[in-house]
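Please find the structures below.
The two complexes that follow have chain A in common; it is paired with chain B in the first and with chain C in the second.
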Partner chain A sequence: MIELNNVSKFYAGKPALDSVSLQLPQGEIVGLLGENGAGKTTLMKCILGFLPYRGTITLDGAPVTPANIARISFATCEHSFFPGLSPRGHGEFYAAHFPHFSHKRFAGLMDFFSLPMNRPLRSFSTGQQNQFEVIMALCQGADYILMDEPFAGNDIFNREDFYKVLLGILEPNETVVLSTHLIEEVSPFLSRAVLLRQGKIAGDVRLADLEEEGQDLISYIKQTYRYRPDRVSRALDDLTGEGDGP
Partner chain B sequence: MRKHISVLMLMARCTILRAAGLLVLMGAVQCLTFYLALTRGPTPQGFSLEMVVQASGMRWIFAAALGLLTLLLCATGFETRGRQGYTLMRLSVSQRWVFTWQSVYNTACYGILWLGQAVIAAGLCALYVRLAPPEYVNGQTAVLAFYRSDFLHALLPFEEAGIWVRNFALCIGLGVCAARCPVSRRQGGRFFEVIPLAAAALLFFPCALDNADNYVVFILWAAFWTAIALHPLVRKEEVVHDTP
Partner chain C sequence: MTRPDLSRLAPPGLALKPEKQLFGWGMALSALFSLQFFTRFADAREKLYWKNGPQRELMEGAVMEDFRALLGPSLAGFLVLAVCLAALIGVHYAYHYHGSRSIYLMRRLPHRRELHRRCLTLPLAGIVLCLAAAFLVLCLFYLVYMTFTPEVCLAPGQWQKIWSVLP
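And then the complex of A and B:
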């Protein structure tokens, strides 16, 4: 289990994460949801140890260090692969460093997305690069797969393919933490949604519980964020002056 | 050991083709300019091998190749496209080892450039001996040129140990400073160490016979910038980039 206790992170004195406490057990597909700047990416980077933070983050009770970091993989829209290296080169490199690297899964996913094995990544389209980024995260044999807006730039058909493949290949012990704005798309296969707002946990809910209550994820999020449906029309009225009384 | 070799191989795979292409391009351009200078024939100033070498601009073509190689090596892991640091920080080998292997690889690249340039220069000297008018050639022509030409002497200084040491110090210094560049970038620090050393190499690489000032200053300069590049890594293991 990944456990965060009172994790805070400040950028130039401003809180990006404010006393976040969270437990991520194995075997879940968790949606990390929130507006831009809510702290989703920062939270993931803190878990991975890429950023210094206050508080504690443990993986099965131990701090995240080079000794156990291989149990957490990361796919980011910023791309963490080497542009001059081919997918085959990446496969060999990752296999040397991640003892549970799955060659079978790697070959299968590369084949499914029809990605060339021997061309340098820099020659791939953005969509293909996104696919490759996620493939590498899924093939490392990690127990926790963190994905930060992995499908930014991919078309809807491509994304749907990926969701199906993801659901099909995940082992029961694998946890996916998916940060995304595509809430409606991912809600059918999330088991849990964690809502971040201004660096704080604004909501944490199991989708099965929501279903029992007859509520969907979007309405839960709107309710949690106190979203005002008339917000846009009021703003438009203000802008156009139509709302002004005589 | 496999993990360490894989890091070294990663560096090589990312740049080896371009570095080899650069060496070939440098050789091709030097052959062309040397041949043109050679076929232009004797001038009123003479037609010695050193003069042809100088007229061919071999020194400046080498300087350009050295500059381009430095750019190429600094760009490996520099994160101009993507965040390779996220992968490197998750490896089972430490960041120090990544830096060490990158330094070793870079040093080897500079060494190969030096060696390649020496071989190309020797080949062009042999070409001169074959094609130049007989009155300009004797059995010692090529060997003497490596004493008389500052550039050729710097490439192959024979028994002048100081220049050998200088060249090795330069290769190591440039290799370490070029490896420091992407590490500093990933950690959000400054990455200028390679510039003064590369600039010195570009401008002052040629070295005349018995010019101790050149190689002593060069060795100290290389040692100074190598120490600057190594200092943060000796001082502390890692500082992660603290930006959103």
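And then the complex of A and C:
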């Protein structure tokens, strides 16, 4: 289990994460949701040890260090592959560094998405690069797969294919933490949703519980964020002056 | 004999050909530049003699210019190349931020020194080779100086004088 205890991160004195406590057990597909700047990316980077932070983050009770970091993989919209290296080269590099790298899954996913094995990644389209980024995160052999807006730039068909493949190939011990804005799209695949707002946990809910209550994720989010449905019409009225009385 | 796979010592996917070319050309030009020593040596040696008709005779009391002075900037090419190779270290680290953020992958490898190993090994090896070549050339020039300078014209302590520039 990944456990965050009172994790805080400040940028120039402003809190990006404010005393976040969270448990991520194995075998879940967790949606990390929130508006831009809510702290989703910062949270993932803190887990991976890319950023210094206050508080504690542990993986099965131990701090995240090179000794256990192979149990966490990361796919990011910024991309973490080597642009000049081919997928085959990446496969060899991962196999050399990650003891549980799955050659079978790698070959299967490369084949499924029809990605060329021997061309450098810089020659791929953005959509293909996103696919490859996620493929590597899925093939590393990690127990925890962190994905930060991995599908930015992919078309809807591509994304749907990926969700289906994701559900199909995940082992029971694998946890996916998916940060995305595509809430409606991912909600059928999530088992849990964690809502971040201004660096704090604004909500943490199991989708099965929501279903039992007859609520969907979007309405839960709107309720949690105290979304005002009349916000747009009031703003338009203000802008156009139509709401002004005589 | 198989050639060593240098790509395993460099940032993954980095094109090594330009770096190999830089090193090769740098070494060749540095060696070429160092040859100016022979011109200065020949001039200084010529000044030890006076012409007596068709014959050359050693001037009495003539002293050969110091080796260090004749060496001049002959080895500067190697030093410039070593500085360029040191700058290459920065290029290797910057590579992980260019076109993607492969630094994220390098920083979450179980082998914590992999990033540094791949960024430092080749430039440092190049610097060592460069300095070794400069030392070899220095020794060769010294040998030439000591062999072809008339013994009576040699000022003592030439080898020590080379290193007197060091603190």
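Here, the second predicted complex is superposed on the first by the 246 of 246 C-alpha atoms of A that agree within 3 Å, B and C clash if a C-alpha of one lies under 4 Å from a C-alpha of the other, contacts with A are read in each partner's own complex, and residues count from 1 in each chain.
Here is the rule we use: contacts are C-beta pairs under 8 Å (C-beta built on N, C-alpha and C of every residue); 3 or more make two chains touch, one makes a residue touch a chain.
What you see is a predicted model; the values in this text were computed from it and never measured.
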When chain B and chain C are modelled together on chain A, clash or fit: clash
First (chain B), second (chain C), both or neither touched by A:Ala152: neither
Which of chain B and chain C A:Leu170 touches, first, second, both or neither: neither
Partner chain(s) touched by A:Leu210 [first = chain B, second = chain C, both, neither]: neither
Touched partner set for A:Met117, first chain B, second chain C, both or neither: neither
Partner chain in contact with A:Pro52 - chain B first, chain C second, else both or neither: first
First (chain B), second (chain C), both or neither touched by A:Ile183: neither
Segment of chain B that clashes with chain C, given the candidates 37-45, 127-135, 199-207 or 235-243: 199-207
Chain B/chain C common contact set on chain A: 48-50, 66, 69-70, 72, 74, 76, 78-85, 89, 93, 97-98, 122
Partner chain A, residues of chain B touching it in the complex: 2-3, 5-6, 9-10, 13-15, 76-77, 81-87, 89-94, 240-244
Sites on chain C touched by chain A in the complex: 11-15, 98-105, 107-112, 114
Footprint of chain C on chain A - complex, ascending: 48-50, 66-67, 69-70, 72, 74, 76, 78-85, 89-90, 93, 97-98, 120-122
Footprint of chain B on chain A - complex, ascending: 11, 16, 41-42, 48-52, 66, 69-70, 72-74, 76, 78-85, 89, 92-93, 96-98, 122
